[in-house]
Amino acid sequence: MKYHAVVRGEDRVIDIVKREGGYKVTIDGRALDIDAVSLKGGGLSLLAGLRSARVDVQPGKDGKLAVLIGETVHELELLDERRMRMRKAGGKFSLEGPQRIDAPMPGKVVRVLVKTGDEVTEGQGIIVVEAMKMENELKSPKAGKITELLAVEGAAVESGAKLAVVS
Amino acid sequence: MKYHAVVRGEDRVIDIVKREGGYKVTIDGRALDIDAVSLKGGGLSLLAGLRSARVDVQPGKDGKLAVLIGETVHELELLDERRMRMRKAGGKFSLEGPQRIDAPMPGKVVRVLVKTGDEVTEGQGIIVVEAMKMENELKSPKAGKITELLAVEGAAVESGAKLAVVS
Amino acid sequence: RTQRVKKILIANRGEIAVRVARTCREMGIPTVAVYSDADRGALHVRSCDEAVHIGPAASRESYLVIEKVIDACKKTGADAIHPGYGFLSENAKFARACAAAGILFIGPPPEAMDEMGEKTRARRKAIDAGVPVVPGMKEPIVEGGEEAAKKFALEIGYPIMLKAAAGGGGKGMRLVENPKDFDSSYATAQREAIGAFGDGRVYIEKAVSRPRHVEIQVFGDTHGNCIWLGERECSVQRRHQKVIEETPSAIVTPELRAEMGRVAVNAAKAVKYVGAGTCEFLVDGNTKHFYFLEMNTRLQVEHPVTELCTGLDLVRWQIEIARGGKLPWTQEDVLKNLRGHAVEARLYAENPAKNFLPSPGDISELRLSDGPGVRNDCGVESGSEVPRYYDPMIGKLAVWASTRSEAIDRLKRALSETVVKGITTNTAYLKRVLDLEEFRKGDYDTGLLARAADRLLRDDPSPDEDLALAAAAIWQLEQDQKASYKAAPAASEESAWQRAGRLSALRRGR
Amino acid sequence: RTQRVKKILIANRGEIAVRVARTCREMGIPTVAVYSDADRGALHVRSCDEAVHIGPAASRESYLVIEKVIDACKKTGADAIHPGYGFLSENAKFARACAAAGILFIGPPPEAMDEMGEKTRARRKAIDAGVPVVPGMKEPIVEGGEEAAKKFALEIGYPIMLKAAAGGGGKGMRLVENPKDFDSSYATAQREAIGAFGDGRVYIEKAVSRPRHVEIQVFGDTHGNCIWLGERECSVQRRHQKVIEETPSAIVTPELRAEMGRVAVNAAKAVKYVGAGTCEFLVDGNTKHFYFLEMNTRLQVEHPVTELCTGLDLVRWQIEIARGGKLPWTQEDVLKNLRGHAVEARLYAENPAKNFLPSPGDISELRLSDGPGVRNDCGVESGSEVPRYYDPMIGKLAVWASTRSEAIDRLKRALSETVVKGITTNTAYLKRVLDLEEFRKGDYDTGLLARAADRLLRDDPSPDEDLALAAAAIWQLEQDQKASYKAAPAASEESAWQRAGRLSALRRGR
């Protein structure tokens, strides 16, 4: 099986073969022999040569995986052919083209910091939503212009409600 | 749904109806309104009137259930129609008729305390098996006579191996 | 002649309700839980012997409604209430309502709450008791008093702090660096204050240099005794929310401890304080001068570090003293018994990478740490839901060891055993905080986390990256296979994963 | 000039391997696990940084094979070995093999193990050091010496004890009430001794009246210092297997503690002892005279109660001292630091209702206790398998509180939070032991559990019986429905349940 991985922006190619006593995993040509035991709750006990590691894999963000090894969380994206196609088709999550700003969870819009037509920079605060007693500022995912602005101060919003669009 | 329960040798009749916000459970005519939430791992959070209890139900012994509430484990047998039939059919686990004495787990027979034809009392030691570094004495489930004796001192035995029969 | 307590209602939720229920069980006292619509499946409900539903999810309609809590007592025959922290714990009206209903309120007398509850009044009281305070307004800003307030701010000089008069826990608190930000900060502070306490009044205080938040635990009884139980250093804060607390404090010498303790006890005695209370001080990191901030008239979130170093069960003491018992210890006993070092980390359901956005949702798996010197106080377990209506703190991890550096190493070890799946938490962030040079040295102030923000969030290449990639591939392959078999575990995991996936997708704020 | 330790191999499994790995992690020392075919999925393997397979399930072919363990060190570059308890921990040959291979053995010098390892030799050594011992044989019974042995038994008078010369942990130990049982008991003792230690030699000792098992923890360093760290009362035993341990002991006065401590230190010094060791004494419940039984030249299973009351990490001390460090404490420091009361309960995979038949198998769910004063040391977690090849102890639950009665109440509370599913354990049995009047009073001896057997196993009607019936019905109904939907979770549970069902069916011994 072949996977295409993206970690910290770098592309990696993984080839994995199941075989007697574990897996042969080849990453960018370097081969690893790994013995794996699945644990309750989705974890793995891995033996790679002498190295022993408990690994927790948690899927999140649209196919992205958070891989926890000891102290460190590795955020990566793993794409097989199918996902690759999906990705190619709707570039929804790439930063090309218009970006939606949705409500991260149900809450209340306490402030709208921009007007339609405003030029915004990447990371600029756009809307402040209050949820769980905390004010959370939603930032622009890219530099561009506010082409849609649906958020209204004081309005209650549900999870995923479209609040604004940056083009 | 009707269940027939046996707890501490007593027969109890349980009638259970699912309804808005929980269950109506009638035990020997006395009705209880119970709100139940299922927990991960097979537990239940019960509210019976004001009473709140965390209950863990663990199936064991051929349909018998161990019900843990706070300090106490309640051992009971719950039989629906189907199980009732099974029970009626093969009386395998009732104490009428011949009783097999099987190896509780893989181990080694270290002593055989009876001969074929011996009269034995209920609870009398029949065979000693060593497993997990401990000697475990298998006792007779009933008073009767040893009609079969397959255990041989020193022999290794697998789980469930028939060691003797008391009739 | 101490009063008997037959049954205690715990007017709270989450980890503190579970923690109080544990001590009650050890004392053989039956407990009553209260719960909102959002909490029927919560751990605190099944940790108590009885439970009463008290309304909708919103705390203003449930946990904050005095009548509903009192009714729950009558319904269950509870003759005492432990309020925990937050919610009604510092509400004198509530304490009075309990008294009126013949219910024992496990906390200080309402009068003491009145005097300490409202910050500016507490400041006056402290000043009268000879307790040093930070220069600031003696009264909250009044309707239309904004201009006068700005003048006052200019007089004591910027930077200044805006604080909610009814406040606590950093809610409705704002640092203002210069005059032009006054109006916006004032508006935010007011809004947060109303949201958190239903009281929008705010006052001004001078900001202290390299400020360290050090608080003193005090305990008083109904026989006029009052002692201090050492300090807690709570300067590791993010937006005025405590993140890591420790005792003893790296800058507190035995002399300073005794002096702060004496002052704290004076403040408590000045209001005839009874029960567990905490005097919060701001210590100037340069001059080591300390200023009284406020007195919290309840158990603190971070009380476990004090328990670990004194060997006491503060909840047991609260109950014993509420029913008229005498303090079992003298001040000398405290000094004899203080031992070692304790550090606590708060586990929050939040996403540090997304500006600490709260991340409520279902916990698919929770793995806590164990072994020597580790204590977990958790309000959730595997399968629990973290509701979006309440504080995102899901629990606390505290450790004890004989020295500070061993305690920090132990906390790091324990955090590396702590795994929460299904939601995003701050565990990895906490580990990085423990590695900050300033923290290791004990040389930090309340600005630490803000200053170190970049170091705490950067993601640098890890030596395990290839192993992580391999693990991901193995995991994915097994998932796909299981899924194709439609085998039970895979299917159930898949759905959990997908749920998690959806949640975090939403959390991205796209 | 203490020696550096770069990497520690833990030559053990289960809870003790996990516990040692935790301290190593806190000290920043990488660890190596060893595992048999039965333990690839065991918790201790994933708790270490590296792991080496050392053979088949049977410990005689894996964990007990010196060469394989030494090879594992060479393979991984481990320069030190922590043996834990059991297995090779008291094997002087092993200690010598380590030395020969240039590997630091974290334990006493082989000479001390020789002197204390073989019981009759230890007795002689103790007598020479002026340590009181129970009257008994100075040499094990030799081939064909049975008759002489019986004569000796009659001389010192029945009841007598038969004990394995190489023994420990109650294995190969038998109480003989009268002469006619001598032969059968001797045979059993020999058989168990061979099985447990590969050495069938047995010796005779007089049995003491109302005997209490009280042991003293000692610690020596390579600089000639040796101190005691207080006692552990281990009289709650079943078939010579410790079940519950506590410190301090209810019958030990400060004077007796000092006296026993002095004697224990003398015994240790007599063999130039280095590291952690334990002198086991039998205390006559009536006369309070104490007799030396044996010295265990390793860490004890029950060491956590000593850690809780002293605040020490004994494993850390073992490592520091093995690499040449000085004892950080004087005897006076110990007296200053001893505090409160600790009790430990051992969790066994066994079925008390079936004559304590071991119950290996898969743990479908493990829920441990938390909160104030609780410490878990566990070798398993949810999803773990308890292999049938090793000791059935799956973990230990220890608590600390300021008084004995609070500690017992706390342990009971913690046990009520502890749930193990899929296999049968002794948790309910343990709770009943804590409720025994003799135990509550502290007035018990090693015969307690045998005498109380009936009270500990009877099942009396519970006020919750109807609730239990209702719960069973609700659970069954939900199971049946889920099953009929063929919904994922139900299916997976069903299979787990069926497995559990099968297992316990087998366990019934029918």
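So that you can tell them apart, the chains are marked A, B, C and D in the order they are listed, and the count of residues begins at 1 in each.
By definition in this document, a residue touches a chain if its C-beta (ideal position, glycine included) is under 8 Å from a C-beta of that chain, and two chains touch if they have at least 3 such contacts.
Please read all numbers here as calculations on a predicted model, not as lab measurements.
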Distance between chain centroids, defined by C-alpha means - subunit A, subunit C (Å): 31
Mean-CA-position distance for subunit B and subunit A (Å): 50
CA centroid of subunit C to CA centroid of subunit D, Å: 39
Junction residues of subunit C - those touching two or more other chains: 367, 381-382, 416
Residue numbers of subunit B (touch at least two other chains): 41, 51, 53
Chain contact graph, described as a line, ring, star, complete graph or other shape: other
Pairwise chain contacts under the document criterion: A-C, A-D, B-C, B-D, C-D
Complex contacts: residues of subunit C adjacent to subunit D: 18-19, 22-23, 25-28, 304, 307, 311-313, 316, 337, 339-340, 367-368, 370-378, 381-382, 400-402, 406, 409-410, 412-413, 416, 488-489, 491-492, 495
Of all residues in subunit A, those that touch subunit C in their complex: 1, 3, 5, 7-8, 12, 14, 16, 18, 23, 25, 27, 30, 32, 34, 36, 38, 41-44, 46, 48, 51, 53, 55-63, 65, 67-76, 78, 80, 93, 99-107, 110, 130-139, 141, 159-160
Subunit C - residues contacting subunit A, complex: 171, 188, 191-192, 195-196, 354-358, 360, 364-365, 367, 382, 388-392, 416, 419, 421-422, 424, 428, 431, 459, 461-462, 464-478, 480, 493, 497-498, 500-501, 503-510
Of subunit B, residues touching subunit C in the complex: 35, 37, 39-41, 45, 47, 50-54
Residue ranges of subunit C touching subunit B (in the complex, touch as defined): 32-33, 40-41, 45-52, 75-76, 381-383
